[in-house]
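Please go over the structures that come below.
Two complexes, one shared chain (chain A), two partners (chain B, chain C).
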Partner chain A sequence: MRSTMYSRMLFGLAIVLVFIWLVPVMWVVLTSVKPTNIINSAVPIFFDFAPTLDHYVEVFERFRFGRSMLNSFVTVGVSTLIVMIIALPAAYAVARMNLMHGDTWALVILSLRFMPGMVIVLPYFKIATFLNLIDTQIVLIVVYVAFGLPFAVWILRGFLLDLPKDIEEAGRLDGLSWIQIIFRLIMPMAAPGIAVTAIFTFVFSWNEFLFALFLTLDKGSTMPVALQKTIDLYNVLWGSLSAGAVLQLLPMILVVFLLQKHIARGLALGAVK
Partner chain B sequence: MSGWDDLYKRTMAESKAMKEKISRRQMMKIMAATATTATVGMGSRIASADTKGPGWYTDDKMKGKVTMFVSAGQRWELPARGVLPLFNERFPNIEVDIQAGPHGEMVTKSMMLATSKSSAMDVLYTDFGQWPAFHAVNAMEDLEPFASKDPGWYDDYNKDTPTGVQYRVPANADGTLYGLTGDGNAKLHFYRQDLMHAAGIHKVPETWEEALEVAEALHNPDKDQYGFITTARRGGFAGWVFWGMLASYGGEWFDKQAEGGWHPTFNNDKGYKALETLMKLMKFRHPVTLNATDNECNTALANGSAVYAPIQWGTAVLQNPEFSKFPNDIGTDLVPRGETAESAHRPLMGGLGQYVSAYSENKEAAWEWIKHLNSGDYTDSRISDAYIEHTGQPARISMLNKYENIRPHFAGLKKSFPVAVSFVPLIPEAFTLSDIIGNEVTSVITGEKSIDDALKAMDKGVEGVMMDSGYYG
Partner chain C sequence: MAGPPVKFHNSQLARQQRKVAYLLLAPAVIILLALAIYPLIYAGALSFRVDPLYNPKVARFIGWRNFTDLFEDSRFWASIRLTLYWAFVVVAIQMVLGFLLAILLDSKLRGSGLLRSLIIIPVFISPIAMGLNWRFIFEPVTGLANWILSNGLGVEKYSWLSHVDTALTTLMLVDCWQWIPFVALILLAGMQSISPEIVEAARLDRVRGIKYYFKIVLPLIRPVIMVVILIRLVDEIRMFDLNYIMTEGGPGSSTLLASTYDYTIFKHGHLGLMAAYGFLILILINGVVGIFLNTLYRSEKAARQEDMN
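Up next is the complex of A and B:
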């Protein structure tokens, strides 16, 4: 009885917390379908208005969100894939191969992520200009891989350290190579951890602004840069800004929704170490 | 429908109507010209029917690509895109690539391009107050050799564009031209005519004392109606409000803006009077005032919670019926002046413009592009029309005159430009200094400092920056 009460209280608290978290999101969603004069109203009007999709039309027509969305999907998708392909063997090496100073190497790899973006954006820009890669998807893919990889290796290392060694040793006795062990044994066992790492890598690159701003012009720009253009000289186009934010948020929500089972398991797995 | 979308559509509709008016006028001219030529037996050329002015020429031999960096949105990107088709008509083999980026980040990005001596940017379209920083890193091309090749155009530009918004080094009419400022703005005086009439006030305030009376008369917080709003966000925004009021009391930033000078002059009677008046107005302030930039001010004026903004950057959005609930009730005039003998109407003035990058590989083509962008009727009246249709706000007085019927705030700009002063001193440190004085203004408003202490701190802070920057030898 007492336990049921406790559970109900926790559930109620969870609902309140979710509601608090959702209010700003709902506000943005509502703003994206409000006419501008309703958005500007001194007293917020939440439901008493005729919804409009004009702001969505505007972000596609004026701010060319279609192209920016495609750029975001390509650069972030490809970079995440590359990161995961490289990070898994790298993390395995750091976690399992008894490298000399393995922990130090792990820290060194992570420290690459500590570099403030603003410090290195100029050299990146110069290199990209020299290689004629400015305003291309390639330059962002390279940068996102470079920045995402240390983080992914570090996170995956934590997951891999949690896995039992016995299975790997059995595999080795059965004559499997390192690569086979990684892909045939480790990958299925570490799937939740890999999913979580991939999501974090994806989210980081999806929301990344600084490099996208400096290394692209117009053709190669991604959604966060396009979104920022809705802040005009004398007024913020709240409707367009909100519509763009919703569009940027949707894939994230979809990914998290589809992978929520893995995420929950992955987070629990990572929490042990 | 968004504010911009509506503004754009409205301007297109207005422009169409305007064109019809022009067409009728031109038709009359054609008829008159035809009659004249018939009378005197001359040829049948009817030049007056042509939209082309004396500056019109075409060149299909000039080739190249011009990349212009510009902030996205109205007054920047859109007017440039508007006049581009006409440029393509004149220079079919020059490709202009307009790279519109987020407004808040454009200066940082452009500065990186400039300091890295990148040739990726041929033209930068930005706030001319930021140009000294670009000039300091030798990123700006001397435009005199280009301009002097077409003295007719240059003369027209000089006569039509207020000296105060032109970018010359040194900053006077004889200085060397480094950029073209085709866009102008000034701090304006926005007021609600309907509420003033209802309160028995039928005269637009001339002085700050009168402005205070209006602010008090219109202030009714119980009805969510506030008698004063301005862009008093901490930092530069608050600094420019104070500087605007100081200027109206006859004050200056420095004793002299030349060698041997550069000593700040805030801590005096004029500074005191300006800050004291601002504090009196603050009694009637809208709640958002201390965190307000243009967006917050314009929104509050548009929804009617703020009803009086005597020192606010000019904008078209307040007369846009989709954005504002009171598009026909908001009047525009000169920013008030002080009441002392040295006082005068001296609204702050700024502008946007283009310079040619010193590292451009297509300087000649880049020059032709910015010249076209700033040509107005001198080259072709279609350029002016397209510029205005696409949310442009010209610095050229002739264009302000021509289009004030469809852009009511142009009347205020036209009155302001001849008496205006620059919103910042044209030195690279200008924005740092603006922050310093703005922070002191905020400290007075929030009660952290007395007016005297804040003025002393302004002088001390500004002098420190100037000393560090080597202005005192």
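Up next is the complex of A and C:
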């Protein structure tokens, strides 16, 4: 009995803590629908105001946020697709085929993920300038493929290692060909892992800032860069900034809820295996 | 079908399979060679050149000059010291509080799953969007932080991000807010993969509560802890976005971490110098990781020898 009381108390504490933790996120959402005079009030006003969508209209009209959103979706979506197409066979090879030094290959590929962006961004900047690709979606797609790939291979490998060892053997005994084994047996079983990997890849690129800052100026800029511009030019437009931030954060918060159960496992696989 | 032919068949299959495996791996390796390794080599070449962004005509090879220039610059050393200090302090806080948070979340009561997905939100949202909003929260006059502090604790209103004595701490707070949940959830996954027999044995031995976590869980999830420390150390040493968006290294150079310093070099147009500094960040990361793994390996070996005696 004592222990259930104890665990309930802990759980209650956890609820309070999580609530406090998320206050900044709720504050952004609130600020984004407040009229400007309420935002600038010296005493914070929490709920006593008439909600408005003015700031959302403003980010689209004044800061051309629609274009940045489109850029974000295109660069991140396309690069994630390419990453998955290349990472899946590679992960399958290092995880389930009798490759010499499969683990070493996987580790070397993973180590590229830990390269500081500052080293790599300059060559990209020079090459993109030379090819006249600065401020285009293409250059960011290329960068996000390079940076998504190592992590995607690593996590997929974790998921594929987790599948039972004898699937391939069973398939072969049933007279299935290589291709059939992969598409009819492995892929369906690994589907949740593939989905989680794709989402993680998407999230990392979606939030990426350093490369977008160096390689885009205006036409090709993604949402983080566009957000940063609103505050540089107009130092106090907190409303528009919050509206833009909400538009940038919302897809990620949706992702968290859609994938509830798989996220922790995906994170753990990435860190542990 | 006796033994030997099957074996022969298998080994031939194995060889064939190995060929297919290399074929499957090849696209990823080729792409990484072209998009990660080649730029790295290019950056290496650039670090030995003077290459002004706004006057490309004078670009030329200058040997080790960029590196010696950096080594003679006291601001360079200050930024390296600050980066190491930042990384160790922030990672230590994140590990300790992340472990405690993981204990809190390690519950099988209803709703704990929802709680876990709520707390992970900070990890998945952009440091740029949140960093800008933290600036709003720490805004001296209208900010939420000052209102809470002055009404709740009677602290006088203060401009936290524009004073040398508080900017770094404020930045650390925001970074920990974002990453403690990440540490907690990974440690939690480690905790929940402990075998039920061990958990049951601990329960029978009446090892409960805090004692259970520190005496039994902590040693068992040591490998997970080490990996998380490693990931966090690397990410904190190369930290850029939050630092850039919240303080841009200021006020003065009180929050000027390595990557942000490197960015200011770029803004001044010294591309060769920037490449050299970038390489030094890479070396710094490798050095810290190397030392960490080395001590880990040694302590592991010592522990094993102790077990044998």
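Keep this in mind: the second predicted complex is superposed on the first by the 218 of 273 C-alpha atoms of A that agree within 3 Å, B and C clash if a C-alpha of one lies under 4 Å from a C-alpha of the other, contacts with A are read in each partner's own complex, and residues count from 1 in each chain.
Simple rule for what comes next: a contact is a pair of C-beta atoms (placed from the backbone, for glycine too) under 8 Å apart; a residue touches a chain by one contact, two chains touch by 3 or more.
Computed from a prediction, not measured in an experiment: that's the story for all the values here.
Within the superposed three-chain model, A:98 lies in touch with chain C and out of touch with chain B [touch as defined at top].
Of the two partner chains placed by the overlay, only chain B lies in contact with A:37; chain C stays clear of it.
By the touch criterion defined above, A:217 reaches chain B but does not reach chain C. By the touch criterion defined above, A:55 reaches chain B but does not reach chain C. Once chain A of one complex is fitted onto chain A of the other, the partner contacts of A:70 are absent, as it touches neither chain B nor chain C. Contacts of A:16 after superposition on the shared chain: neither chain B nor chain C is touched. Of the two partners chain B and chain C, it is C that touches the larger number of chain A residues.
Touch criterion met: A:240 reaches chain B, while chain C stays clear of it.
When the two structures are aligned on the shared chain, A:249 is found in touch with chain C, with no touch to chain B.
Judged by the touch definition given at the top, the superposed model places A:231 against both chain B and chain C. Common to the chain B and chain C interfaces on chain A are residues 40-43, 121-122, 126, 213-214, 228, 231.
Contacts from chain A toward chain B in the complex involve residues 35-37, 40-43, 52, 54-55, 58, 62-63, 121-122, 125-126, 129, 134, 213-214, 217-218, 225, 228-229, 231-237, 239-240.
Of all residues in chain C, only 14, 17-18, 20-22, 24-25, 27-29, 31-32, 35-40, 42-43, 46, 101, 103-105, 107, 109, 111-122, 124-130, 132-137, 139, 141-142, 144, 147, 177, 181-182, 185-186, 188-190, 193, 208-209, 223-224, 227-228, 231, 234, 237-238, 240-241, 244-245, 258-259, 262-263, 266, 271, 274-275, 277-279, 281-282, 285, 289 touch chain A in the complex they form.
By the touch criterion given at the top, residues 3, 6-8, 10-11, 13-15, 17-18, 21-25, 27-28, 31, 39-44, 86-87, 89-90, 92-94, 97-100, 102, 105, 109, 112, 114-124, 126-127, 142-143, 145-147, 149-150, 153, 178, 203, 206-207, 209-210, 213-214, 223-224, 227-228, 231, 238, 241-242, 244-245, 248-249, 252-253, 255-257, 260-261, 263-265, 267-268, 271-272 of chain A touch chain C in their complex.
Chain B contributes residues 1-6, 67, 71-76, 98-105, 109, 112, 116, 118, 120, 224, 294-295, 298-300, 302-305, 313, 315, 317, 322-325 to its touches with chain A in the complex.
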